[in-house]
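Listed below are the structures to be examined.
Look at the two complexes coming up: subunit A is in both, with subunit B in one and subunit C in the other.
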Partner chain A sequence: MNESLRSLRDFFVSLKLTVALLVFGMLLIFAATLDQVNLGIWAVQEKYFRSFIVYGRFGEFAVPMFPGGYVIGGLLLINLVAAHIYRFAFTWRKLGIQLAHMGLILLLLGELFTGLLQEDFQMRIGRGETVNYAESFRDNELVLIDVTDPEFDEVVAIPTGLLEKGKPIQHPKLPFRVVPKLYYPNSILQMRPQDGPPSPATAGIGPQLMAAPQPITYRENERNVPTAFVELVGSGGSLGTYLVSTGLIRAQPFEHAGRQWKIALRVRRLYQPFSLTLNELRHDVYPGTEIPKNFSSRVQLKTADGREDREVLIFMNNPLRFGGQTFYQYQMDRSSGFTVLQVVRNPSWLVPYIACTLMTLGLLVQFGFHLIAFVGRRRAPAAAAPVSIPAAR
Partner chain B sequence: MKRFLPTLAVLLVLAAVAGTLRAPRNPGAYDVTGFGALPTLVNGRIKPLDTVARTSLLTLQGRQRLTAADGRRVTPEEWLLDMLFNPAVADHYAVFEIVHPDVLALLALDTADGQGGKRFSLHQLLPRIAELDRQAKLADTTEAPLRSAFQRAVLQLRNNVALYQRLQHSLAMPGARDFFDQLARIEAALPAGAGAAHGTGPQANLMLEASRMFGVMDAYGYLHTIAPPPGSPEGTDWQTAGAAWNAALSSGRVDPTAAAYAAIGRAWQLHQPEDFNRGVQQLRENFAAAMPAEMRKTGVEVRFNVAQPFYTSTMLYVLAFLAGVVSWLRWPQGLGRLAFGVLAIAFVLTTAGIAARMWLEGRPPVTNLYSSAIFVGWGAVALCLVIEYFYRNAMASVAAGLIGFATLVIAHHLALGGDTMEMMRAVLDSNFWLATHVVTIAVGYSATFLAGFLGLIYVGRGVLTRGLDTATARNLGRMIYGIACFAMLFSFVGTVLGGIWADQSWGRFWGWDPKENGALLIVMWNAVILHVRWGGLVQGRGLAQLAIFGNIITAWSWFGVNMLGVGLHSYGFMDSAFWWLIIFMASQLGFMALGGLPLAKWRSGPALLPAQRKPAAAPTLKLAGV
Partner chain C sequence: MRIPFDRLILLALPLALGACGDQQIAAYRIPKEKEPELAPAAAHAHGNSGTTPPAAGENAAPGMGSGMAGTAVATASGPGLTWVAPAHWQSKAGSAMRKGSYAIPGDGGVMADLAITAFPGDVGGEVANVNRWRGQIQLPPLPEAAVAAAVTRLEHNGLRMGVVDLVSTGANPTRVLGAWIPHEGSTWFVKLTGPDGLVAKEKPAFLEFLQTIKPAAQP
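Here is the complex of A and B:
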C-alpha cells in the first residue's frame, strides 16, 4: 500500500480521531444550547446540526467558525465504520463493544434520515368541527382556486420558494401565467395613506394596502407573515397584480375566461385521506388550583373510503398513530373551544428504537463482563485477609 | 478496648439517630401536634397543617425555627395557630427575611431593627406596605429574565406578604374584632335567619355584613380546610372556611368542620387548653371516620416532618467525611470502620426518607429538582458503600460524605420555594416515565459525580499530602474507570428513555432541547473518558482530571441548562444559584490545573514518580480542551 494511502487509512481508523470528534461534537452542542436563548430551537437546529459549516455573523460578513453537525456526524460515521472494517474480528469478549457501535452507526443514520424525511404539521379543530387537512408550522403556499363548480374546488398550490425565485410560473391547470414581482418573507400590512407612494398592486384589495418588510422571526410562539405581489398574465395580457399575504383572512376573487377564481397566500396544507371531528375537549386541573393535570381531545376518525369510523381519545403522552402519521395533543383553548394536534410524519421513526436497543444491549454485555471479572478478582484477596466491618453486618 | 471503640461510636450515633425518630410531643398544655396533623387541601394536595406551617416558614424566612421577640421558642404549629386565630400576635413575629439593602431602604428599615439583622415582622413592614406594592407592580411589567436583583427581591417580598395574608384569611377574618363572637351570634340566629341577607332589618344587616366578610375570606383564603361531605359526587372540591360559612348563611346548617375550627380558634384566642384539645380531638375523630387513608398519610407526614431525616443525614455525612479524611493520617483501621458505619446509618436514614416521600406522594423517587438532588446524593452514596466494601481504604467513604453533604445542602436550598411534594404538570404526570427515564438519568448523574469526586480525591491527596502511594493511586484509577463505565451505561440508557418519552408525547425522538443536549454531553464525555483509557492515551492522573471535568458537565446539564430559561424542561428555573454554579465550575477547573502540575511538585510526587514513567498529563490536557 502506498504511503499516503496508509496514513489516510490510519487517520480514519484512529481512536484519537474518535476522541477529537467527540470533543468537537460536545463543543458544537454546547454552543448550540447557549444560542437557543437568541435564536430559538428551530433556527439552532438548522444553523448547527443540519449544516456542514457553522457561520458566525460579524456585521455583514458570515465567517465560517466551526464544523457543523453534518461534518462532525459524518466523520464520526466514517471513523466508526472504517475502524470496524479495519479491526473487525469477532470474539465473544468484543461482542458488547461491537453491538454498541453498530447501534451508534444506526443511530447516526437514523438522525440523518429524520432530518431529511420528518415533516411536522398541526391540525386545528374547533368543537364539533370536521377537518381533513393539516397545516404546516412554517411553510406557506400561493393557492389559485377554481370555484366555478359549486360541488368542489380545484386547487393549484405553489410553494413560496418559487415566489422567492421570481421566475414566471406556468401550470397546466392554470389558463394564465403567475409572475412573482416581490416577496417579503415577513411583513406587516397597513392601510395605505392617501398621499403614499403608488402600490405595485393593481387589482383586488392590494391597492388599498401597504406591506412593510420585517426581519424573519425564529421564535417558537411567533409566525412570519409573508407577503407577495404576483401578476397574473393571460393570453390577452395582464389580469392585474395582486397583493397576497397570510395576513389577509379572505381569498380574493376574480374572473377569467368565464370561470370564477380565488387567489390567496395561506399556510401550507397537507390534505388527508381521512377526517377528524372534535367531539369533546378536556383540560383537567388539580382540585383547588390552576395546575394542569391533563389535556385530552375526543375525536371521531373517519376515512374517505368509509372503512374506518371510530372514536379516538388523544391525550398527553398518548398520541394516535394512523396512516403513517402520529397525532399528538399539542395546544388547547377551552374557552374558545378548539384543540391543536401536532401531526408528525416520520417514516424512520423506528430506527432510533432499534439503534438504542442494540447500544443498550452492547453496553450491558461489555460492562457486565468487566463487573464479573472485577468481582472475581477482588473476591480472592478479600477472603485471604478478612477485615471485619461491624456496622455493615 | 481500642478495638471496640469504632463499634461503640457507631452504636452511639445509632442511638442519637433513633432519638430523632421519636413521636413529637406537645410543648405545653395545648395539643398542637394533634392540630398539626389535621388535613387540608393546598395546591392540589391533601397535606397536614404541620407541613403548611413548615413550608410557609421556609418560604418566608428560609428556616423552620422561630423565636418570639421575648426569646421564647415558637414551634411551626404554634406560629400557624397564631397566624390563623391571633393575627395581632402573629404580626409581631419576625418572619420576613429581607436582605437586599435597597428593599430595606424602601421600607425604611435598618438591619439593626431586624431579628438576626435580617428578619422583620409584618408590623414593621406595614407603614410602607403601599410603597412595596407600587414597586412590585412596576417590577411586574418587566419580563422575568430581565428583572434586576432589586426587582426580584421586591417581587419575592410582595409574594411572601401575599402568602402571609392569604394564610391569615383561611379560618378567620384578620382585623375583624371579636370574630368568634360574631360567628357565635350568626350561628345562634341561623336556622331561622337563613337567607335573611336578602331581607331588611337588624338581622338582615348582620347577615349581609357576615356574607361580605365570608366572601372576602373565601376569595383570599389559602387553605381549603372543609372536606366535601361523605357521599358527595366525585370531583367535588374541598372548600375554604369562608365558602362553608357563606353556604351556612343560605342553608341554615353550619358545616361541622367549620364549626369545630371556630371552637378551636376561640379556645386558642382565649387561652382555654381543655376546649382547644377537645375541639382538636373532635375534628381528628371526624376526619378519621370520613377519610381514614388520608389521616394515616397526614400522620406519617407529620412524623416525617418532625424527624427531618435529611437534616440528620447531612450531619452524619460530615461526620463520615471527617472520620474518613483523618483515617488517612491516623488509625486507618478504626476510623475507616467508623466512617463506613456512620455512612451506612446515613444511607439507611436517607433511604427511609425517600421511601416515606414516595409513599406519601404515590410517585417514583424523583419528581422535581429538589428530589433529584436528594436522589443523586443517595445513588452516589450507595455506589460508594459498594466500593468501600471491596476496597476498605476510606476513599469512597470520603467521596460519599462529600457528595451526600453537598447534595443535601443543595436540596435544602431548593426547598425554600415551598412544598417539595408538588403536583405533576400534565406532560409529567406519568409514573412510568418518571420511574424509568428520570431515575436512570439521576443515577447517571450520581455516577458521573462520583467519578469526578474520586478524581478530586486523587488530585487533592496527591498534590497536598504525602499519602498517595502507587498502590492507592492505582486503586483510585480503577475505581474511577469502573464508575465511569457505570455512568456511561446509566446516562446513555436514561437519555434513550428520555428520547422514547419525547417520541411518545411530542412526536420526535430527539429535539436538541437544552436538557436533552445536557444529557447527551454527559454521555459523550463518559465516552471520551472510556475511549482515551481504552486507547491508553491517559493513565491514572489524566483519568482523574478528565473525571473532574465530568463534574462541570454534570452540574451544567443538571442545573445550568435550567438557568437558560428556554426549552421544554425549563420548569425548574432558579437564578440565585447561578453564582454558586459558576464558583463550583471554577473550583473544578482549579483542581484540574492543580492535577496538571508536574509530579515533582506534588507532595506525593516522590512516591508516585517511579510508577508514572509515561508522561500522560500533556495529551490529556489537550484532549480536554483546557
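Here is the complex of A and C:
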C-alpha cells in the first residue's frame, strides 16, 4: 500500500482520533450551551451543530474558530466505519457488536440527513379559509410577482441571503435587474417626519417611511423584521428604489413594459400541490377548569388533481402525514378563529427508529450470548464436581 | 511539523462545504391570490375602554390610512396594554399604526388628538424620540442632558413611564404631551397633540389616563 494511503488509513482507524473527537464534541456542546443564553436554541443548533465550521466575528470579519458538528460527527462516522472494517472480522459471536455498531452508524447518518434535509414550516389557517402554502419559521424572501394574467401570478422568489450579499441579481424570468442597496436583518419602520433625512427609496411606499436597523433577535417568541432597499434596473435605466420589508403587509405595485408587477419582502413560502381548508377548531378544557384537554383542527384536504378530497382531524400526537410531510397541531387561537399547523418535511424520519431498533437488537444478542455462555459455565462445573463427604471423626 | 498534503485537503474540505447554502432563486406560477385583509385598528370596538389585540405577528398589524397606498406597517408584537380613557375623549377611527386613537374636543371647535402606538425595540432611545417630537412642533433638538432634565418619571401598574411636555413657539403654539412606556421588548407611545390651551387643560386627565394603563394580562 502506498505510504500516504497507509498514513491516511491509520489516521482514520486510530482510537486516538475517536478520543480527540469525543473531547471536541464535549467542548462544542459546552460552548454551545453557554452561547444558548445569547443566541437561543435555534441559532445555537445552526451555528454549532448544523455547521462545518463555527465562526467567530471580529468586527466585519468571520474567522473560523472551531470544527462544527458536521465535521466532528462526520469524522466520528468515518472513524467508526473505518475501524469497523479494519478491525472487526465478522463472526457469529460478534453479531451483537456488529449490529450495535451498525445502529450507531445509522444514528449518526440519520442526524446528518435530518440536519441536511429536514425543513420546518408553519401553516396558519383561519376558520373557513383555504391555504395552499406553508411559511418558514425564520427565512424570508424577496418576491417579484407578474400579476398581469387574470388567472395566474408568475412569482420569482429571491432568498434574502442574496440581498445580503449586495450583488446585482438577474433572472431569466425578470425583465429587469434587482440591485440590492441596503439590507437590515432586523429593523423597525416608522413614518418619516417631514424634516427627516432623505430616504434611499424613490418609489412605492418607501419615501414615506423610515427604517431603523435593530439588533437581530434570537428569542423564540420574537421575529426579525428584515428591511431592504432594492433598485430595479431595466434596459432603459432605473425603475426606482423600493423599500421592502416583512413589516409591510401588502406588496407594492408597479408597471414595467406594459405588464403589472408587485414587489414584496415576505416570509419564505412553500407552495403545496394541495390545499387545506379549516372546517372546525376545538380547544377543549377539563370541565370546571381552564386546563387544556385537547386541541384539534378539522381540515378539508384537497389536491389540485381532484384525487384527494377528504376531511382530516389533526390533534395532539395525531398528525396528518401527506405528500412526504407531517402536519402537527402547533398553535391555536380560538377567539380569533385560526389554527397553526407545524409542517415538517424530513425524508429521513424513519432512520433513528431503525437505528435504535438495530442497537437494541445488537445489545440483546450480545448480552444474550454472554448470558448463555455464563449459564453454561455455571452448569458445567456443578455437574462435574465430585460429591465430597467429610470424614467422620 | 510537516502536515501531509492529503490531510490539509481533508481539513480544508469543511471550509469549502461550509460555504454552500440554500440560496436558490425560485420561479413558479400560482393561481391568483387574494390580498391580505388589513385588521381594523384596535380599541374602537370597545368604546372608551381600550384593549389592544393579541399580537400575532404581521397579520395583527393595524391597517394604514388611505395616504399609505393600502400598505400596512407592522407594529410591536408581544403582550399588549389596556387602558380606560376619560368619558369625554371620543374614540375615533384609527389611522396608520395606531393601537388607540381619541379626539378631544375643546372650546370653540378646537380639537386635540391622542395617539397610542407601539413599536419593537426602543425606537432609537429616549433622546431621539423626544427630539423627534420636538422636531414635529418646530423646536430645535436638545442635548442628552437637557432631555433627561425635561423628562418626568412615573411608575403605574408596574410600568415605568417617561413623560415630556413640549410647547412650540409662535402666535398659536402647539403643545405635545408625550409618554413612552417600555413593555415586553417594545415601546408604547401615548402622545397628546393640540392647541396649547386645550392640551394644558387636558393635562390632569392625561396624567390620570396614564395611571389606567396596565399590561393586558393584569386583572
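In this section, the second predicted complex is superposed on the first by the 311 of 393 C-alpha atoms of A that agree within 3 Å, B and C clash if a C-alpha of one lies under 4 Å from a C-alpha of the other, contacts with A are read in each partner's own complex, and residues count from 1 in each chain.
Everything below uses one rule, namely that a residue touches a chain if its C-beta (ideal position, glycine included) is under 8 Å from a C-beta of that chain, and two chains touch if they have at least 3 such contacts.
Remember, it's a predicted structure, so these values are computed and weren't measured experimentally.
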With the two structures laid over each other on chain A, which partner does A:Val71 touch: subunit B (first), subunit C (second), both, or neither?
second
Classify the contacts of A:Ala32 with the two partner chains as first (subunit B alone), second (subunit C alone), both, or neither.
first
Give one of first, second, both or neither to describe whether A:Val131 is in contact with subunit B, with subunit C, with both, or with none.
neither
Of the partners subunit B and subunit C, which touch A:Leu8 in the superposed model: first, second, both, neither?
second
So in the superposed three-chain picture, is A:Gly247 touching just subunit B, just subunit C, both, or none of them (first/second/both/neither)?
second
In the overlay, answer first, second, both or neither for which of subunit B and subunit C A:Lys173 touches.
second
Going through subunit A, the residues touched by subunit B and also by subunit C turn out to be none
What does subunit A use to touch subunit C in their complex?
4, 7-8, 11, 51-53, 64, 67-68, 70-71, 124, 132, 147, 150-159, 161-162, 169, 171, 173, 188-191, 193, 195, 204-205, 208-209, 212, 214, 219, 221-223, 225, 246-250, 252, 267, 271, 333, 335-336
Okay, in this complex, where on subunit B does subunit A touch?
6-7, 10, 41-45, 224, 235, 237-238, 333, 337, 340-342, 344-345, 389-390, 392, 422-423, 425-427, 429-430, 433, 482, 485-486, 488-489, 492-493, 496, 499-501, 503-514, 517-518, 520-521, 524-525, 527-528, 531-532, 534-535, 537, 561, 564-567, 623-625
Would you pull the subunit C residues touching subunit A in the complex into a rising list?
4, 6-7, 14-15, 17-18, 21-33, 35-36, 38, 54, 56-59, 61, 67-74, 77-78, 96-97, 119-121, 123-124, 132, 135-136, 185
Residue numbers on subunit A that touch subunit B, as the complex places them:
15-16, 18-20, 22-23, 25-27, 29-30, 32-34, 36-37, 40-41, 44-45, 49, 110-111, 114, 118, 120, 285-289, 291-295, 316-319, 326, 328, 342, 344, 346, 349, 352-353, 356, 359-360, 363-364, 366-367, 370-371, 374, 378, 382, 387, 389-392
